[in-house]
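Two complexes follow with subunit A in common, the first pairing it with subunit B and the second with subunit C.
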Partner chain A sequence: MGFVMNQEEFSKTIENLSKNYRLYAPVIKKGEGRCLDEDIVRYDFVTKAEEIELELKSDYSFKEILLPLSETLFFFTENETKVADKNTSDVLVFLRSCDLHGLRRLDDMYLRNGKEKDFFYSRIREHVQFVLIGCPHSYKDCFCVDMGANKIDEGYVFTIEPKGDGFASEIKDDDFTKYFVGQSEHVKVSYVTENETKVNVPNNVPLSIYKSDFWREYDARCIACGRCTIVCPTCTCFTMQDTFYDPNGKVGERRRVNASCMIDGYTNVAGGGEYRKPHGQRMRFKVLHKIKDYKARFGYNMCVGCGRCDMVCPEYISFSTLINKLDDQIKKEAE
Partner chain B sequence: MDNAYIPFPSKVLEVIKHTETEYTFRLEFSGDVKPGQFFEVSIPKYGEAPISVSGIGENFVDLTIRRVGVVTNEVFEKYVGDTLLLRGPYGNGFDVDLYNQGETVVIAGGTGVSPVRGVIDALSKSDDPQNKYAIVGFRSPDHMLFRDDLKVWDEKLNLTVTVDGADEGYQGKIGLVTKYIPDLPIKDVNTAKAVVVGPPAMMKFSVMGLLDKGFKEENIWVSQERRMCCGLGKCGHCRIGEKYVCIDGPVFNYTESKGLID
Partner chain C sequence: MGLDVNAKKMMKNAFRVSKVRGETASRVRIPGGLIDAKSLAKVTEIAEKYGNGNIFITNRQGIEIPGIKWEDVDAVKEELQSIIDAIGTNQVDDETGYPASGTRNVVACPGARLCPFGCYDTTEFAHKMEDVIFPNNRHVKIAFTGCSNDCGKVRMDDIGVMGMTEPQYDPDRCIACEQCVKWCKKRSVGALSMVNGKVYRDPDLCIGCGVCVHYCPTRAWTRSKEHYFRVVLLGRTGKVNPRLAEDFAKWLDEDSILKMGHNLYAYIEDYISKDAPNGKEHVGYIVDRTGFETFYKYLMKDVTPGPKAEIATTMYWGGKRYDRSNNLK
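And now, the complex of A and B:
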């Protein structure tokens, strides 16, 4: 079951959806890229079909909709706290297969790791549904196929992708049929079956690789800016932060802000203790989490192969290349 | 749905000054809590910090806090009768009953004494305190914590207190805690248990010393100190490998912790 729509019909469909949902989708931000005159694609609130970017790959992931860069948890006066309000109207997020796989990782951490569900994540998550953007072709730096994130069969209400001069949607949840304007047709969502970038994820990572000189290269190359973790759809770390409105420190708010294991201060403990000072060691910590440690805990790899970290790195460090080099190194050491 | 991030106010019953930089806050609390567990303490303007439980009473918990910033004595003292905000307790904590049986040695350094204070206390009250050992190390005589406890423990079990260094004329023992491991008069190293808590280097070399002496890996426990930001297994700061110190630890059996590399 599905629909084929021309531009006008697609606009009407989005208009209909907008009446009941807040829509978040990739949007081209003109001139907001890293260099002068460069554009960037990132997530934003949309109300019109023309705003939605379905062709280009987004530079940032959808995750900030669920995990804002900075989120006020509660306000406090001396002995009282008041939980910050949240807009809890229903939301639809447009994302690709890799990101929908990434969502499962966010859910793992915030809903399943530890005894309790995360209050602040849950209260947003309950109101968010997803629209799968089809991928008729792979993009530069993508390696979703090798990470098993190129295809997904559940977790979305309908699909959308450009087709010819118009658009095509496969309906997963029949409740959404009513919003559609267009030709009813059998539609199957496209997905990538081969990427140009290939990765060999090592099956066994020996403890010796932790101490290996392999990571030394990144002591110099990596500048620990943390961009790779900020764009990553599976990185979830945060830090608690207090802000006070008065100099006496009696009235203020507690926030949580995105944090990164690549950035200075992440591991600082009282009294000046710090772990993983060399940037190469931070790289090792991050990389092995993505392709080993996470799997040991949850049963599948953390990395979904979206390749955004490759696109954003100012030092041109490629995660996929690193994985392949690591695999070679492990094989070499085993000989 | 419960919101685990909201702290509760707790009255400061007493402030005990150990050194210029280390104070114990006795805070009102009733509920289950074990030595080795920790609370997230809100310190106005500084945000939250994970602090180990250093003492447990019927209606209170002790939290020993090291001054980390430019906080004056006045700031600490004005808290008596005031309230602090708490969340917790978090973490697995020590299984005290386990260490009460047979020969046990506790090796602790500096503020690492806080989380094992309850353990040493229980050992000193056990049926066979002659089989219990504690080696406690501090940077200098001025850095000594829990002086009153040290006196009591010294009477009950086999206690060694040592300092890394001291001015001339100091009467006590000088040297790292590792110096005293080889001489422990353990009767059966195959069953003797050990608990090690302190700075990373101290833990590493103490465990090496115990293994050299013949202790079994599975009979050694360590407690890891990390920056537990949330205490709930969400924020990620305390992850080592596949483990989260705040929910899987902070107490780990050595067989588990030896594969955890920062």
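And now, the complex of A and C:
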């Protein structure tokens, strides 16, 4: 079951959806890149079809809606606290298969990792549903196939992808049929079956690799900017900020902001200690978390192979290349 | 028949008098320092056919082809035509070479076409300025550089233009990683500080270099849609009083700067020393004579700076005064 829509019908469909949902989708942000006139694609709320970027791969992931880069959690006075208001109206998030696989990591981390669900994550998550953007082809740096994130059969209400001069949608949840304007047709979502980039994720990572000189290369190459973790759909770390208002320092607010194991300060402890100062060690921590440590806890690899970290690295450090080099190194050290 | 060359005329035609008797060198203008590969091949061809096989790369991003016989000047002018056409240099008549040489090649660093820090298309702006000021025999040097780093060394020029961006901050995207603060301190002026977990930018201290934008991992910092410029005036090298250009304006716009380029010549025409050798006098020395106010009136005629622009009302220059003292201390 599905729909084929021309541009006009797609616009009308989005308009219909907008009446009941806030739509969160990849958007081209003109000139918001680092360099002059450089556009980036990142997520934002949209109300019109033409704002939604369905062709280009997004530079930043969808995760910002569930894990805002900076979120005020509550306000405090001397004796009381008040939870910060949040717009909890229903949201439809447009994302690709890799990101929807990423969602499982976020959910496991915030909802199923310990006794309590994370309150602030839950209150947004409960109102979010997903629209799968089909991938008729792979993109540069993608390695979703080897990470098993190229295809997904559940967790979305319908799909959307450009087709010819128009768009095609496969309906998963019949409740959404009413929003569609277009030709009713049998539609199957496209997915990638092969990437140019291949990775051999090592199955057994020996403890000896922690001490290996392998990581030293990144002491010099990595500048610890953390862009790889900010764009990653599976990085979930945060830190807290308590700020006290000026001039009344007895009231203030607590914020939760994204944190990164690559950025200075992450392993700082009282007394001035810093556990992972060399950038190569930070790289080791990140890489092994993505393909080993997380798996040890949850049973599947964290990395979904979206390749955004490769796209964003200013020093041209390729995560996928690193994984393959690591695999070679482990084999070499085993000999 | 003896070799009779109108040397003064030739100089204005961009053929210099070489120390080698009987030879000249052909100067090729490359505004903005960008030349297409075909034109560069043509330069090579001229150097091999008429020159001595060598090519000088000049300090002002031009090219000088040495070892050309005075007799071959007309043939060289014909050959230069394809280069002049490709670069789009203003010309009076075809195949007459360059119509002037006093106004020097407009210099530009590679800017935003190549450099990640470039705040504008320096080559394009250099060409726009070239269109306004060339051909002209008055001795004027104008240079463009993409950002406050001044790789283009525009502080050595009469008009130096540096790109600026006004960093735009979205506190909701800021994670307080403090990289902008750190890099602003390390690579720039330290205009940023942390206040209550967010970044404060001191607007007076900020030079608009864009280092914060470059290092921000979240796009909390982005570039302003508008392109802004710092303008520095009347730097120079030379025998008497070499000095760096001083700040005249910041957060200025492109149109204003192009008008200033145009206005500069009217000022020179009215105030240049009547006995300046070959009608050439560094404009800075003219200003030393007339005073800044007169210069300012000419320079800013019909210029309407944007609301953000800040303009100096008085200016002072320093530098060594060799006409007063040649002592080292």
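Definition applied: the second predicted complex is superposed on the first by the 333 of 335 C-alpha atoms of A that agree within 3 Å, B and C clash if a C-alpha of one lies under 4 Å from a C-alpha of the other, contacts with A are read in each partner's own complex, and residues count from 1 in each chain.
We adopt the following convention: contacts are C-beta pairs under 8 Å (C-beta built on N, C-alpha and C of every residue); 3 or more make two chains touch, one makes a residue touch a chain.
In this text the structure is predicted, and so the values were computed from the model without any measurement.
Using the contact criterion defined above for the overlaid structures, shared-chain residue A:32 touches subunit C, although it does not reach subunit B. Of the two partner chains placed by the overlay, neither subunit B nor subunit C lies in contact with A:88. By the document's definition of touching, of the two partners only subunit B reaches A:293; subunit C does not. Contacts of A:321 after superposition on the shared chain: neither subunit B nor subunit C is touched.
Applying the stated contact rule after C-alpha superposition, one finds that A:259 touches each of subunit B and subunit C. Taking subunit A as the reference chain, the count of touched residues is higher for B when subunit B and subunit C are set side by side. When the two complexes are overlaid on their common chain A, residue A:47 makes contact with neither subunit B nor subunit C. Looking at the shared chain after the overlay, A:241 reaches both subunit B and subunit C. In the superposition on chain A, A:207 makes contact with subunit B only, while subunit C stays out of contact range. Of the residues of subunit A, those at positions 241, 244, 259 touch subunit B in one of the two structures and subunit C in the other. Against subunit C, the residues of subunit A that register as touching in their complex are 29, 31-37, 40, 42, 60, 68-70, 225-227, 230, 241, 243-246, 255, 257-260, 263-265.
Of all residues in subunit C, those touching subunit A in their complex are 112, 116-121, 165, 171-179, 182, 196-197, 213-220, 222-223, 225.
Of all residues in subunit B, only 1-7, 9, 42, 44-49, 66, 68, 83, 85, 111, 199-200, 225-227, 229-230, 232-237, 239, 241-242, 244, 246-247, 259, 261-262 touch subunit A in the complex they form.
Looking at the complex, you find that subunit A touches subunit B at residues 73-74, 76, 78-79, 81, 83, 109-110, 113-123, 207, 210-211, 236-242, 244, 249-250, 252, 254, 256, 259, 261, 266-271, 273, 275-276, 281, 285, 288-289, 293-294, 296-297.
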